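Presented below are the structures under discussion, each in the form of structure tokens.
The following pair of complexes shares a single chain, chain A, combined with chain B in the former and chain C in the latter.
Showing the complex of A and B:
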């Protein structure tokens, strides 16, 4: 490999490091006005009136829109049932619900005027817990009831298996809502014209284009969405970017002026989706030798007011709840419910962190009960190539779980222990598997283009978005490797729906795997043209030519070489195509809808983590002394990018496990700012060491598999297990805060 | 009111509302959009600029406070020939940049530190950057970037002095 696997700087880093990159909020257009939304402020009720008189009187206000002003259907949503209004028309289902949009000459005027809009709401008793929502006589939040989706996975027969089991462990685990907390709040800017142009901080521009067109009652081809530089997304800039994107376009059309809507931080927390809170009841039966014979799991997800991606998150928890183990008898039921709280949807990990915390906590409990080493029990039960997983899917390669366990077992023991009784020490382990690709969520196709100019430089286009994760660099490396050129000679287009192909959403750790395959395919076609041309120039057969180091080289004589730029020029003038648009389709999912047995994902990323902690018994403060994160990524494309993903995702998992909790009181979020909602700062960082296992994946480019999500789940679970080991108390709720730990230490010491 | 100050080494004279925030002055009046607004409450550090060499949150700073003083933004730290500042180079080399939204503030906090203390310990780096949130990197590569910049700047001085 010439460039694949070599440490590579971000290809789009220069604009970012100099401050020249244009984020959506950096655009300015003549006549631009600003939008701000009035939110309901109460979690449930019937909207009886909107009085905008006082708002209209405020200087600079040019327009106020309500539900009646939406030209097309007043509905958005990432997938069926499309149950969310752009602006509330009748029902108020959560406190952050948008009721009116105010447009003014400045952002500050718009904000002030939005505050001055008066809304009349006849309040209902809000439904604030899953138990309230599921009570038989509960008020229906939506006409369809309070269950968004409920699905079952059935493999084998659990009851007889539990009867034969030597030991059974049971427990209930809970996790809290988590906020994405990307540093750039959601922002869009709509520019009207014969066609609409929408600049957006977003994750899936084609999805937004479809919704904007529908809400405007216009054809999709009349809307062009340009993804501006996007300051993080982590799953969070799908629904909300659609909501404010459509609102901005509708206002821009009415006023024939460019409209910018930029969320304040508070709105980014209360008015856009969160990670689902979960309650997971789990039961595991095993034989005395450690072999797990049955698992039964009930997952309940609090999805808040609207469906968003709850149906898919429900499916993902269903498929992942039993963990990366070979278990013959599994029964899972996953259910997402509506409540009168901020809606929940996609967030890096997509349900897997919640179920992995429950599953891995119980694996440790089982090991303790059986007196088996904690890595050994994972070794005994861990999936190998050829084993059917929870959906019965069998992979004959790229199942590197056992290698990740052995890598973790090889790491040196922590050494910093003191005998000072102020501190207690602990070590945790956790394993994870996370499906790569849309899988159960639908067909998985990507379009990508590769064009070589006469000078040999390359332009790659793809509809998947760079959100900071380094996907542009991955695409540049793949194209450079295939074409035998330097990565610096490859550029990757911005995502502009006019200029690249719909490649589906940028989700499910699919960019490198599925997107990378499309780039590989297009680049390979261009390569074929170049090799054909070079063969003509050398007057030899194509198989005698290789492309390397920027040259077409005669294999038998390394000194016989022609610069690729000369080959490209000759190909152009000969009429050989030096561009290609490739369409790549991942193997289809194929499973039974009742039992969820069948083939779901094109591959899984497998991982095992170890974390060593020191707990201060006087304060509950935790120091993470070591954190090793081993993941089977198939093939490393860019080590620098991989480490960045594993380290960043791990700290996000650590935040979920230790620090971050959305606090509600009466349906209102109490900590919608960074002073009260604790996003990990540099002082909270953990010393993550990334260990790559490479068991090549036949469905990914050069064998690669996605890696952006799985460390979140493993890091959250490993923290819980390390704390349990240190403190001697099993915590069943995330986050496990410093105060929780202090209470437990005191309780234990008193007891 | 008319105010004067220096921005990125150049004198500036501009007519502003007295209660305007410096972040708006920079972004709206001077077109320096490299300074980012992440929270508007001084809690995230994305809008960090240097005021007489010290890092401050431009979202909390009113324009009256910068009269006759010297401001440096991300647009002002590259060399006159356009070459990147060693901190910028080091950040790219170590992978300290992911989405890039926190990056300008991070770089300026790092510059304030290294201008004061050319060879900081890890704890000093953490202290200096503790007001700058990043949600992408997990911070490890940012710390590496600052330490790498420190090495390069020190070596550069050694060479210059030798």
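Showing the complex of A and C:
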């Protein structure tokens, strides 16, 4: 390999760190006005009136829109039937609900005027817990009831297996809502014209285009969405970008002026989706030799006011709850419910962190009960190639879980420990599997174009978005490898829905795997033209030609070489296509809808982590001394990019496990700012060491598998297990805060 | 809203007297309150770059030799000034982020009077005095008398904090500061603590202990000071200070922490700050 697997800096890194990259908020257009929304402020009720008179009187205000002003259906969502209005018409389902949109000459005027809009709401008793939502006589938040989706996975027969088990462990685990906390809050800018142009900080531009067009009551082809440089997304800039993107376009159409809507941090927290809070009841039966014979799991997900991605997260938890283990008898029931809180949806990991925390905590409890080493019990039960997983799917290769366990087992022991009784030390382990590609969540198609100019430079276009995760660099490396040029001669364009093909959403760790395959395919077609041309130029057969180091080279005589730019020029004038648009379609998922047995994902990323912690018995403060994260990624495309993904995802998992908790009081978020909501700071980063296991995946480019999500789940679970080991108390709720740890230390000392 | 930019502290005091305005220095607290709608001042009187109100220097006051700190001296300057006692520098280092420290001022931290302000407990342990300016002249208030409640002080209408004075005698004592927040960087104190003391012949004297975020105002722990005064350092232990610390504080549950956690942690922070003081007092020729 010439470039694949080599340390490569992000192709867009320089423009980002030098401030050259243009974010949506950087755009300015003549006559541009600004939008701000009035939010309900109460979690549940009937909207009886909106009085905008005072707002209209404020200097600079040019327009106020309510639900009646939406030309289209006034609905957005991820799955039909869409259930979320752009502006509430009748029902108020959460406190952050948008009720009116104010447009003014400046952002400050728009904000002030939005505050001046007066809304009349007849409040309902809000439904704030999953138990309240599921009570038989509960008020229905939506006409369909309070269950968003409930599904079952059934493999084998658990009851007889539990009867034969030598030991059974049971427990209930809970996790909290988590905020994405990207650097750049959601921002859109709509420019009207014969067609609409929407610049957006977003994750899935084609999804936005569809909703904008529908709510404008206009054809999709009349809308062009350009993804500006995007300061993070992590799953969070999908629904909300369709919401404010549609609103901005509708206002731009009414006023015939460009409209920018930029969320403030507080809005970004209360008015866009969070990670689902979860309650997971889990029971595991095993034989005395450590072999797990049955698992039964009930997952409840608090999805908040709207469906968003809840159905897909429900499916994901269903499929992943039993963990990366060979268990013959599994029963899972996963249910997402509506409550009168901020809606929940996609967030890096997509339900897997919640169930992995429960599952891996219980694996440790089982190991303790059986007196088996914690890595050994994972070894005994871990999936191998050829084993059916929880859905009965069998992979005959690229199941590298055991290798990740062995990599972890051979890491050096932790650093020296002080004998001071102030500190206690612990080590945790956790394993994870996370499905790659849309899988159970739908068809998975990506379109990518590769074109070579006559100077030998390459332009790649793809409908998947760069969000900071490094996907442009991955695509550049794949194209460069196939075409025999260096990475610097490859450009990957920003996503413009006019110029690239709909590639579905940028989710599910699918960019490298599914997107990379499309780029590989398109680049290979261009390569065929170049090789054909070079063969003509060398007057030889195609199999004697290789493309390398920017040259077409005669294999038998390394000194016989023609620069690729000359080959490209000749190919162009000869009429050989030097551009190709290719589609990559992942094999369809194929499973039974009642039992969820079947083939779901094109591959899984497997991982095992170890974390060493030191706990201050006086304050509950935790220092993470070591963190080893081994993942089977099939093939490493860019080691630097992989490290970035593993370190970043691990820190997010650490935040979920230790620091981050959205606090509600009466349905209102109390800590919608970064002073009171503790996202990890740079000083809280953990010393993650990334270890790559490469068990090639036949469905990915060069054998690669996605890696952006899986470490979140493993890092959260490994933290919980390390703390339990240090303190001697099993925690059943995330986050495990300093307060929780101190309480446990004191409780144990007193006991 | 009017934006006013006086060219002297006297003019600032006059503007404050004649308007319904508020003083703006670094703006790191005030702008947050304005954004949240907590305050909506008729005018902002920006004193942030009045040179006469900035800087750290030795001076003589009515009370003798002092270090005089202009109220508009930035937290970043406080955090790095070798002329200042350790606990005050450490407290300033604990404030917010580099950006906040570059903008925020010590006068702002004091006048905002949040019980969790990280320079407040240090100033209490250093017997700092605050020089307040109004159009009628100046008056001096002891730091221990300045704070009257959460975000409340003895500052009258039309009064501006002009200088903070730290007696030279306080600067001669060893001191240290400790805090804990909800994360390691850019955190607001759940509890903070400062200690200053003198050690001679293995015994402690001139002890000051102050804590923040465990009562409506930053507090001196006079009971603990009394217990420690004159004692040999070897007699001090975590267990020995526990009761006197807990007697002095009145923590509450809020969005940042719980009363129980604050109690436990206060004892630990006070002990750690004390231990650092002792270590420094025993070292030779080191900055105190």
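FYI, the second predicted complex is superposed on the first by the 751 of 751 C-alpha atoms of A that agree within 3 Å, B and C clash if a C-alpha of one lies under 4 Å from a C-alpha of the other, contacts with A are read in each partner's own complex, and residues count from 1 in each chain.
The rule is simple: a residue touches a chain if its C-beta (ideal position, glycine included) is under 8 Å from a C-beta of that chain, and two chains touch if they have at least 3 such contacts.
It should be emphasised that the depicted structure is a prediction, and the values quoted were computed from it without experimental measurement.
Engineer: Let me test your reading of the model: by the given contact rule, A:25 touches which partner, first (chain B), second (chain C), both or neither?
Structural biologist: Touch status of A:25: first partner only.
Engineer: Scan A:739 for contacts with chain B and chain C and give back first, second, both or neither.
Structural biologist: The second partner, chain C, only.
Engineer: Between chain B (first) and chain C (second), which does A:621 come into contact with in this model arrangement: first, second, both, or neither?
Structural biologist: After superposing on A, A:621 lies in contact with chain C but is clear of chain B.
Engineer: Examine A:682 and indicate which partner it touches, taking first as chain B and second as chain C; both and neither are also allowed.
Structural biologist: Both partners.
Engineer: In the overlay, answer first, second, both or neither for which of chain B and chain C A:230 touches.
Structural biologist: first
Engineer: Tell me which of chain B and chain C touches more residues of chain A.
Structural biologist: Counted on chain A, the partner with more touching residues turns out to be B.
Engineer: Check whether A:14 is in contact with chain B, with chain C, with both or with neither, and answer first, second, both or neither.
Structural biologist: In the superposed model, A:14 contacts chain B only, not chain C.
Engineer: Give one of first, second, both or neither to describe whether A:643 is in contact with chain B, with chain C, with both, or with none.
Structural biologist: first
Engineer: Once the shared chain is lined up, is A:663 touching chain B (first), chain C (second), both, or neither of them?
Structural biologist: second
Engineer: So, A:98: does it touch chain B (first), chain C (second), both, or neither?
Structural biologist: neither
Engineer: Where on chain A do chain B and chain C both make contact?
Structural biologist: Touching chain B in the first complex and chain C in the second, residues 674-675, 679-683 of chain A appear in both lists.
Engineer: Where on chain C does chain A make contact in their complex?
Structural biologist: My answer: residues 37, 180, 182-188, 238, 255-258, 260-261, 264-265, 267-269.
Engineer: Using the touch definition up top, name the residues of chain A that touch chain B in the complex.
Structural biologist: Interface residues on chain A, with respect to chain B: 9-10, 13-23, 25-26, 180-185, 229-232, 234, 264-265, 467-470, 640-641, 643-644, 647-652, 673-675, 679-683, 685-688.
Engineer: Going by the contact rule at the top, pick out the chain B residues touching chain A in the complex.
Structural biologist: Residues of chain B touching chain A: 27, 32-41, 43-44, 46, 73-75, 78, 84, 88, 91-95, 97-104, 107, 125-127, 129-130, 132-143.
Engineer: Considering only the defined contacts, which chain A positions touch chain C in the complex?
Structural biologist: 115, 618-621, 659, 663, 670-671, 674-676, 678-684, 738-739, 742-743, 746
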